[in-house]
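Per-chain residue numbering starts at 1, and chain names A, B, C and D are given in the order in which the chains are listed.
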Amino acid sequence: MRLGMIGLGRMGANMVRRLLRAGHECVVFDLDQAAVEALAAEGATGASSLEEFVAALTPPRPVWLMLPAVVVDRMAEQLAGVLEAGDILIDGGNSHYVDDIRRAERLAERGLHYVDVGTSGGVWGLERGYCLMIGGEPASVAHLGPIFQALAPGKGEIAGTASRKDGRSTAEQGYLHCGPAGAGHFVKMVHNGIEYGLMAAYSEGFNILSRANIGKAGKASDAETAPLRHPEHYRYDLPIADIAELWRRGSVVSSWLLDLTAEVLGRDPDLARFSGRVSDSGEGRWTVATAIDQGTPAPVLSAALYQRFSSQGEDEFARKILSAMRFAFGGHEEKR
Amino acid sequence: MRLGMIGLGRMGANMVRRLLRAGHECVVFDLDQAAVEALAAEGATGASSLEEFVAALTPPRPVWLMLPAVVVDRMAEQLAGVLEAGDILIDGGNSHYVDDIRRAERLAERGLHYVDVGTSGGVWGLERGYCLMIGGEPASVAHLGPIFQALAPGKGEIAGTASRKDGRSTAEQGYLHCGPAGAGHFVKMVHNGIEYGLMAAYSEGFNILSRANIGKAGKASDAETAPLRHPEHYRYDLPIADIAELWRRGSVVSSWLLDLTAEVLGRDPDLARFSGRVSDSGEGRWTVATAIDQGTPAPVLSAALYQRFSSQGEDEFARKILSAMRFAFGGHEEKR
Amino acid sequence: MRLGMIGLGRMGANMVRRLLRAGHECVVFDLDQAAVEALAAEGATGASSLEEFVAALTPPRPVWLMLPAVVVDRMAEQLAGVLEAGDILIDGGNSHYVDDIRRAERLAERGLHYVDVGTSGGVWGLERGYCLMIGGEPASVAHLGPIFQALAPGKGEIAGTASRKDGRSTAEQGYLHCGPAGAGHFVKMVHNGIEYGLMAAYSEGFNILSRANIGKAGKASDAETAPLRHPEHYRYDLPIADIAELWRRGSVVSSWLLDLTAEVLGRDPDLARFSGRVSDSGEGRWTVATAIDQGTPAPVLSAALYQRFSSQGEDEFARKILSAMRFAFGGHEEKR
Amino acid sequence: MRLGMIGLGRMGANMVRRLLRAGHECVVFDLDQAAVEALAAEGATGASSLEEFVAALTPPRPVWLMLPAVVVDRMAEQLAGVLEAGDILIDGGNSHYVDDIRRAERLAERGLHYVDVGTSGGVWGLERGYCLMIGGEPASVAHLGPIFQALAPGKGEIAGTASRKDGRSTAEQGYLHCGPAGAGHFVKMVHNGIEYGLMAAYSEGFNILSRANIGKAGKASDAETAPLRHPEHYRYDLPIADIAELWRRGSVVSSWLLDLTAEVLGRDPDLARFSGRVSDSGEGRWTVATAIDQGTPAPVLSAALYQRFSSQGEDEFARKILSAMRFAFGGHEEKR
């Protein structure tokens, strides 16, 4: 099958490579011509303008966007001007699902189909395959089946789930039509919300492990510092990197995120190259905003998100208010 | 009534003053002789040794300790050697209630009585009176009634509670016998836990107000920063100090802590003298530990506590783990 | 001054009464004619249609809406058809501040002014006065000054804040112009967010107090129940209602919410008339959504909100997932 | 190697089986003679008394306890009476690590060695192997190496971690000497704390997915219910079970816990057999208590724990206080 790909960053370029390897043809476009040429050298058909790009595809043209969320609307608008009725626009980036609902409606007015695909896999997707969460009309999604199949991991070596009848859905292949427009990005959004929660759970746990030796140091004990009641309970210098590796094997907390953590700790046990300023990039926020909208309690996912906000320094005035109150009622000066 | 006071720091000294004003006699002792002399000059009887201190009191001697929690046990032990059966030891500091239970048992073996008093009021207690939460045997607590009455605020100008029959308990006077040994510090502990929660609620709210103008600044929008969807919704430069004052009047969130906050913000609207490193000093931790022991959910009080831990930098390894994971699965470099 | 009031529910009717008492004239309208007649009997001018209502006011007509947030837009639209350029529409209900921004723009196109007023005070406002947080153009807000003054508590018996110069703003009177359109409801929104947090802090604290006796009962100790390590530490039957009263006097946690809590506990110490299903009504959600939008950490306010969602049963599937996992890895059956 | 096992419940019995399969000899004891006989039939040596049990072992005798935490002390005491200097007592259950420190000291006074082993693997351990976190003196731990090797999963099919030199530690085999007495259970405790957090992250995410259709139902909109602003955004009937399966393949959130979740959802998509009352059994509480002791923020792990407490109904009085306050300031009646 011949697919057009717009946006040849880390994700888009690797997806093209994975499609080429699977025998599909790809027409590629990016504002950065060097990126286009690089993939052309690997077998894709490069295009130097949107018109050329569209001309190189055959109706119904499948056009996959792999762009930052903020520019998708602009590009969709441009494409709507050059595509034909029946063509299929696919947004594989990290759009907010509410934007998908709106876009699908507007494009439908012009006879265009819209499919939203939440794509998980990061820099590992090229080898490991991409987990695809898909929203849109059944016909469009079905039409793109071969593409999804090539991008997804397939059954591979991952064991089947005993309770499931084989072939009940494509989920076993690593891609799934989740529902109408927006359903793909809705599921991807929640996926990332969970990701935040999982990451936070590990990070808090490893932090507790890393501080298992605080009873060794002579910890200050003044009126501004709660004393450690039993320093003799905190005298362990735990082998953090080995523990991460250990838990990969037979424990209840084994996971892919733990695999990655063991990998990084294996190289840099103190994580000296990191400062601990943790970015967040949209889906975590949207998940919590959705939970609030729904009235669904999400204390863990929220706490995970707030940890990142705090790491970015956004709690400063709040902390100052606390210090100010303590000073006001108890004369407590801040400890330096 | 004649009371002995050991520990003449900010709290102890002011309590002696309040007792003297109410016509009680006080014998005072502290390792810092200057503190003893200062109060002697104000009418107290100074003692230069524990023996002299004990000799100046009449059985059953009421001895009030106003000391850091970590030294109470040592002092109680020393006193047990010089006091007589029937004497009453009062711990008015911030002991863990579990220590009270133990102490009361041990001292009872020697015929001594033990009363624990959680004392709230901070630097304002001298004028405003101290709110006293009391644990111990009824007879000892009753014996100390006049002391409690003098230290507590009394009915004052605070309106009565319509649903309560007047005189139903001493709660209206600002002191209360809460139960057997430890009950006073248990209630005080929870009081402080609530205090942490209240403070955090205000601090988060004021932080949100202080950031109501973030849509004005040209906020960076890169792959590592979630873009502000609607900057036009965040263009308020709110008068924070005035809002604190406003809420004191007729709003649902009026409180003494808010009074103090308005006071500080009135002087220093940007809280420039504070850095935002917030200490915690025992009771907040004990409250949460107790909740966990009990199986009582305490998400708000815990979040308030953790905010302080984070302000002290104790989340550093956790944040590094998060950055490390993000780097591992997505190639995300930390933003500087 | 003559003001028109639309919406004569608990809040609107009492506000009319407070205005009448202060010597203002009120024209009143409500779909419920009985409500109109009741206030007419107390001195207001009743109107039986919007036209009659508008005719009874003199330009520039101040029209105050005290309606459920969901019907404000419809009413504003209707009014825009009968009001004249220069008239002032005031929304004193609980609108989302984003709606204010939009409404102010649309009404301005027709020459109408819009003022948003966050109103705190609940059923106590008639006597205690309403705390008013105001957004809009300076001229309109200034014009309505006498109305705000009458509704607000005024300085009354609440002590001034030492650090503030008297008369620096109207905050001391209990009303404040916070900024342009939406600023009033923004501040009110955060006010309610804080309110949720404060309430949760008290509720968790009182819950811990109420469970101070769990060591008395012979608590089940099976593999599915974490045993109480030290039952002897949990043998207090604490006088909850008295403690609430006590803390009103001289403690750090005194507040109006605590006054109310003491009042209810004074009447019904076990709170037997309540089941514990706690509603939430918009501002709490919006506060957290705003915090997330801003990237401001708000763990305490969020935890308070989620507690309510859980009390409404919205965590059911989440809890089932937990049980399912425990069953899957450990064979744990749920305890009944 | 010949090992004695006391405690033949689900865990102990399967561990004996795994040891027998690996060619080790096991002497087994349990108060339940049927359990002893069952294993004897499978090749173990049954003992009908502690004396018989001890006699069947050769010094230095390795005696593994697989008992509920509450009875370990009693059994250790009994064993200390019949064992000889040099023998090794192993606690493979879920003891609090602080108890290990104490026990190791006391047993050392009698010349006995103590090794604590945190054991993860649940009902799957027989096949999958047990992940073992070990604390104690190096010599004792080294002596037990063959036992640990047999119980642990071994390298198996789990890929190595690229950054680690092979054979750097036994972590790759699934067992690890973490440090002195208590270190094993400390690491296991944190493991379980993380487990709670991971479970909660998934459960909240799946709950949000399960409520993606709430815009379909005509949701009540009264003053006590925050209206759904955009019901058209919540019209997805998501295939939850398929999504769980999907995420196992190539997504960032793949894990063993997700494998199990997919398995249960594959059989019972609505989780109808569960009510959502979630037990907690010690380690989760200890992890959070440890974090508080350390001053380490653990908001996610705590939120996960509190969710369970709430599911057990322990938040009831807190919720009633909230309802009482809302009634007091706003006249709000609870919604039924």
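Throughout what follows, a contact is a pair of C-beta atoms (placed from the backbone, for glycine too) under 8 Å apart; a residue touches a chain by one contact, two chains touch by 3 or more.
Everything numeric in this text was worked out from a predicted model, so none of it was measured.
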Most remote chain, CA-based centroid, reference being subunit D = C
Is the C-beta contact count larger for A-B or for A-C?
-> A-B
Between the Cα centroids of subunit A and subunit B the separation in whole angstrom comes to 44
The distance between the C-alpha centres of subunit B and subunit C, rounded to whole Å, is 29
Averaging C-alpha coordinates per chain, one finds the centres of subunit A and subunit C separated by a number of Å equal to 37
Can you list the residues of subunit B that touch 2 or more other chains?
-> 122, 200, 202, 204, 207, 211, 226, 252, 257, 263-264, 280, 285, 293-299, 303, 306-307, 310, 314-315, 318, 329
List of subunit C residues in touch with subunit B within their complex = 97-98, 101, 120-122, 125, 128-131, 133, 152-153, 155-156, 158-159, 161-164, 168-169, 171-176, 178-180, 182-183, 186-187, 190-198, 200-202, 204-205, 207-209, 211-212, 214, 226, 228-230, 232-239, 241-243, 245-259, 262-264, 266-267, 287, 290-291, 293-301, 303-304, 306-307
Of subunit B, residues touching subunit D in the complex | 252, 280, 285, 288-289, 292-299, 302-303, 305-307, 309-310, 312, 314-315, 318, 329
Note: in the complex, subunit A contacts subunit B through residues 10, 68-70, 122-124, 199-200, 202-204, 206-207, 210-211, 221, 223-227, 257, 260-261, 263-265, 268, 271, 274-282, 285, 299, 303, 307-308, 310-311, 314-332, 334-336
